[in-house]
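To start, the structure itself, in structure tokens.
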């Protein structure tokens, strides 16, 4: 039975190929997590178990896909950054996005029991409305996703800063809102009304004066979100910035000095070198930290995130 | 702290909106399922547990997203058809694809234990290589996906026929190949060589003469794949085709007779009617069957798949 | 000197391929024609020379590109419809659009002298502001363009109806506005104010009572725009609509009855037949008329526009 | 008469918006210029009139669209580079491409008589095949076009180098080929055969030994193509490259040092400043030269091409 009669339908398929030499950010977002967080009794404003699970799933994604150079997460969203030289799936948009979304979802669901049930949740009741912390088929966590291209390192840094500033703004608001509700006994509507038009300093003041909370003592994970990357031995940041790659000229050299890096191409390392880099990358520990990524300091110490080339392994980090 | 300084990065986001009045097919495919099927000891050429799990996950997707009018699956792939009038997520490509992929993945992972562990598999050993049928974090099932638009009903029917013919071709080959290997004692290479250049009748003959297998007695699920849809009372197919909607003129009327359907727009039913339709759709049973969808018969009896309008509920199917 | 070092830049090129089996409309619009029409002293509200030039240029485009099945123009815009089975330039969007825009522009500029200078314009003064009807380099007519895909015949008919209704609305307004200004002595602002909120019947009434103008006596070209197509012997419209192709089922047959037409594919006619069709098409006269294309009648008599297959040549139309 | 019934068709329109902070190159190509060059008796291998006309038309495009920072042309193709900060037409692809194509075509056709007829051509014979140098309606020059985005300055420089190397390769081949045919009396086929597998030095040798032609004495316009840009007072290139902007870090600074330029945004100059820049730009002379643009030198002296900010006017260049 020949299939040729119907095969013409393949001509309707379209492949969006993302522009070369751009940083690709795949951002995923929890679908309907407001409802889901109620169903599974997430603590407000931040549920440590839920954030840990996000981080575990994201860490799994980063470890599974070496082309991801850094990831940043806050609340129920996570951004995964593919190095601008990546040629994974020939940069086909749908492949990149769905692979990240599916890998994240699979890990999130598979790791749920270790995170939520271990903490004392009851057994899932299948279809039931009763709840408990075991996953119910009627309330499975799912994520949508999208890809965005950023042409320059400056744009990428701004993107990540945007997410981290957003984390700060939202967390300060939520911390104050829930303090008013949970400790201050206000209704959600009253709390919302109370905070309308307030600026950061107002919220800090409310937290301190009414509840004795110093916002800066809140956990870093809540205030700064989570950053995931491969860790190598830190580089000194004392040298000229040029040398540690932050103001370096990767795609900004004159043409005579242009190299493959500046062209957005993977350097034609020898096969032996490539194998070696691959091995180093696989040995590197994928770490999760909760630090400022807006200022230059983080980046100055970790030039491998921008360069895409593995740094020096830290001996006691190495996986056995 | 104002976020406006960084917010310009949103301008780099692009939304691909799929052409209105076209049938949207989201097809998902298992990633690296060859390796995965070995790891989890899938039976060759068909593993009933694995196929059942695919069907359960797909059924969950169809039940969760009412805009999906039919789905068709074979092996580790599944195609979900959104009705051409859908306006879900304003037809944004990334949202549609990632929602399907994530919902499918979540269900597949969550339902794995009920399908695979119940059948006698050992407990997963986390990182281990030992195997067993419990999910291991190092070998999570994941799926990629893509969306394709088909402008006409004829194109959509051809798409589905293409997949079902493919199912037939592959299954006949695999059945014969594995019979040669498992029962005939051939090496995989020898079996491959043996089948090179063979046509359907050759394979049927090999199966029958060497192994006493009548290919037509193989289970329908293997030979025809799986079709998932909402079931209503079947319509008679004796009337003129026109009336049961197969050759009907939905987008092919002259302009004076054009209606919203022909324009690819959702009919402006009253709010009460819409509520009623929604209720009926929710009550309809989502069924999985293994039938021919190439010929007209299947479609003639189920005009609601093409029209997108719910049929008559079957009383004893109705969910309580 | 090898070019390979730089050739990688080709990888940044993207080709948007328009969805098969959809009607492609390329619409062009005059750029800055308000200013241009003042510069070249166009008569208000309609300049016959300018409209004729638009029609001549469009006619040249239709004659040059056989895949265009019909074109419709009004004011300084023109829509060119490529048959849904076209495979011109492999349906690459940029090629289709720029070819139409460039061919139209070239003809418009080349034909300008025969249309405008013949009517008594002076010689162009190059850079000058003085004007005259000869083309000045500082005020060259240019056009932008875009492509839109319409999946069904109903959508295409609605598109063309949309443009013709727009022509009617604008022309009635402009006719009344300029009558108030030119014959009624109102200032443009006063006329605009006077017409604010008026409906069609109001404007008809103003024209008739104040200026003795029966709007229906205005030239068809002003009221209905211009339609350009290949003319063959008209078909009778008395038969069942089915047969003359308006409600016909081109892409709406059941699959068993599906043919290449319904798949959006060009029929595999023999080489001899293709040659014959090509010859007929080349012999057919490209005509410009000013008729209603909203109602079915126009289409019923000219089934070749929809089918894409040439009709019977009219003997005395045939080009020698 | 309400138009709302049909207006839904606008929902089928798609706008491709080109990625911000990327250099946009619109490249146009003559359609069927092989045939056209024969029809109008172009001199082989290079027709000075035809090249001059290309340059005049391109110069008109650059002068008309201030967002174009440089253009490069060879044979019947021209590349127009929009500065990466441009927001013209909100960076809509179709608008940018068709505007360039139409403006170029209009100028090319309008300027044809001054270039070709002045040189002694006969009067066009309308439909005729006889030829002559006046434009014939049956052989109008037209151009297609496309847009490509280049994320970095290095990529853009490589693109332009690619075109100029191509110019060199083709011109050396064509010069040798036509010498063999015109002066050497070879048939085209024989000449082609003769050159098969030859490298640059072979062709130089043929030209010199057989025809006494020193390829380097060929006109620059033939060997290097044409570069069009706004000319300001040259900048010294002795300073550090950093300062003249070639290796400068425009989008490569760390985030603390990031400015609007590095973000791909137009600097928020004051309205007065913007007016002043606009005025300077308008006064700048658009020049055409035939120089090497592969090496850094050209760029070091003309930093305004990369920065997009006007330089210092050259007094005697200023348009009156």
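Chains: A, B, C and D, in written order; residue numbering restarts at 1 for each.
Criterion: a residue touches a chain if its C-beta (ideal position, glycine included) is under 8 Å from a C-beta of that chain, and two chains touch if they have at least 3 such contacts.
Chains and their UniProt names: A, B, C, D = tRNA(His) guanylyltransferase.
Since we're looking at a predicted model, the values are computed, not measured.
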Third chains touching both chain D and chain B: A, C
Most remote chain, CA-based centroid, reference being chain A: C
From the options A-D, A-B or B-D, the pair that copies A-C, where over half of the contact pairs coincide: B-D
Pair joined by more contacting C-beta pairs (B-C or C-D): C-D
Computed distance of Cα centres, chain C from chain B, in Å: 43
Cα-centroid distance, chain C relative to chain D, in whole angstrom: 31
For chain A, residues contacting two or more additional chains: 8, 12, 14, 19-21, 149-150, 155, 158, 161, 263
Residues on chain D engaged by chain C in the complex (per definition of touch): 1, 3, 5-10, 12-14, 16, 28, 31, 60, 93-95, 97-99, 101-103, 105-111, 135, 137, 140-150, 155, 158-159, 161-162, 165-166, 168-169, 200
In the complex with chain B, residue positions of chain D that touch it: 8, 11-12, 14, 17, 19-21, 263, 265
Residues of chain A touching chain D in the complex: 19-22, 149-155, 157-158, 161, 241, 246-258, 262-264, 294-296, 299-300
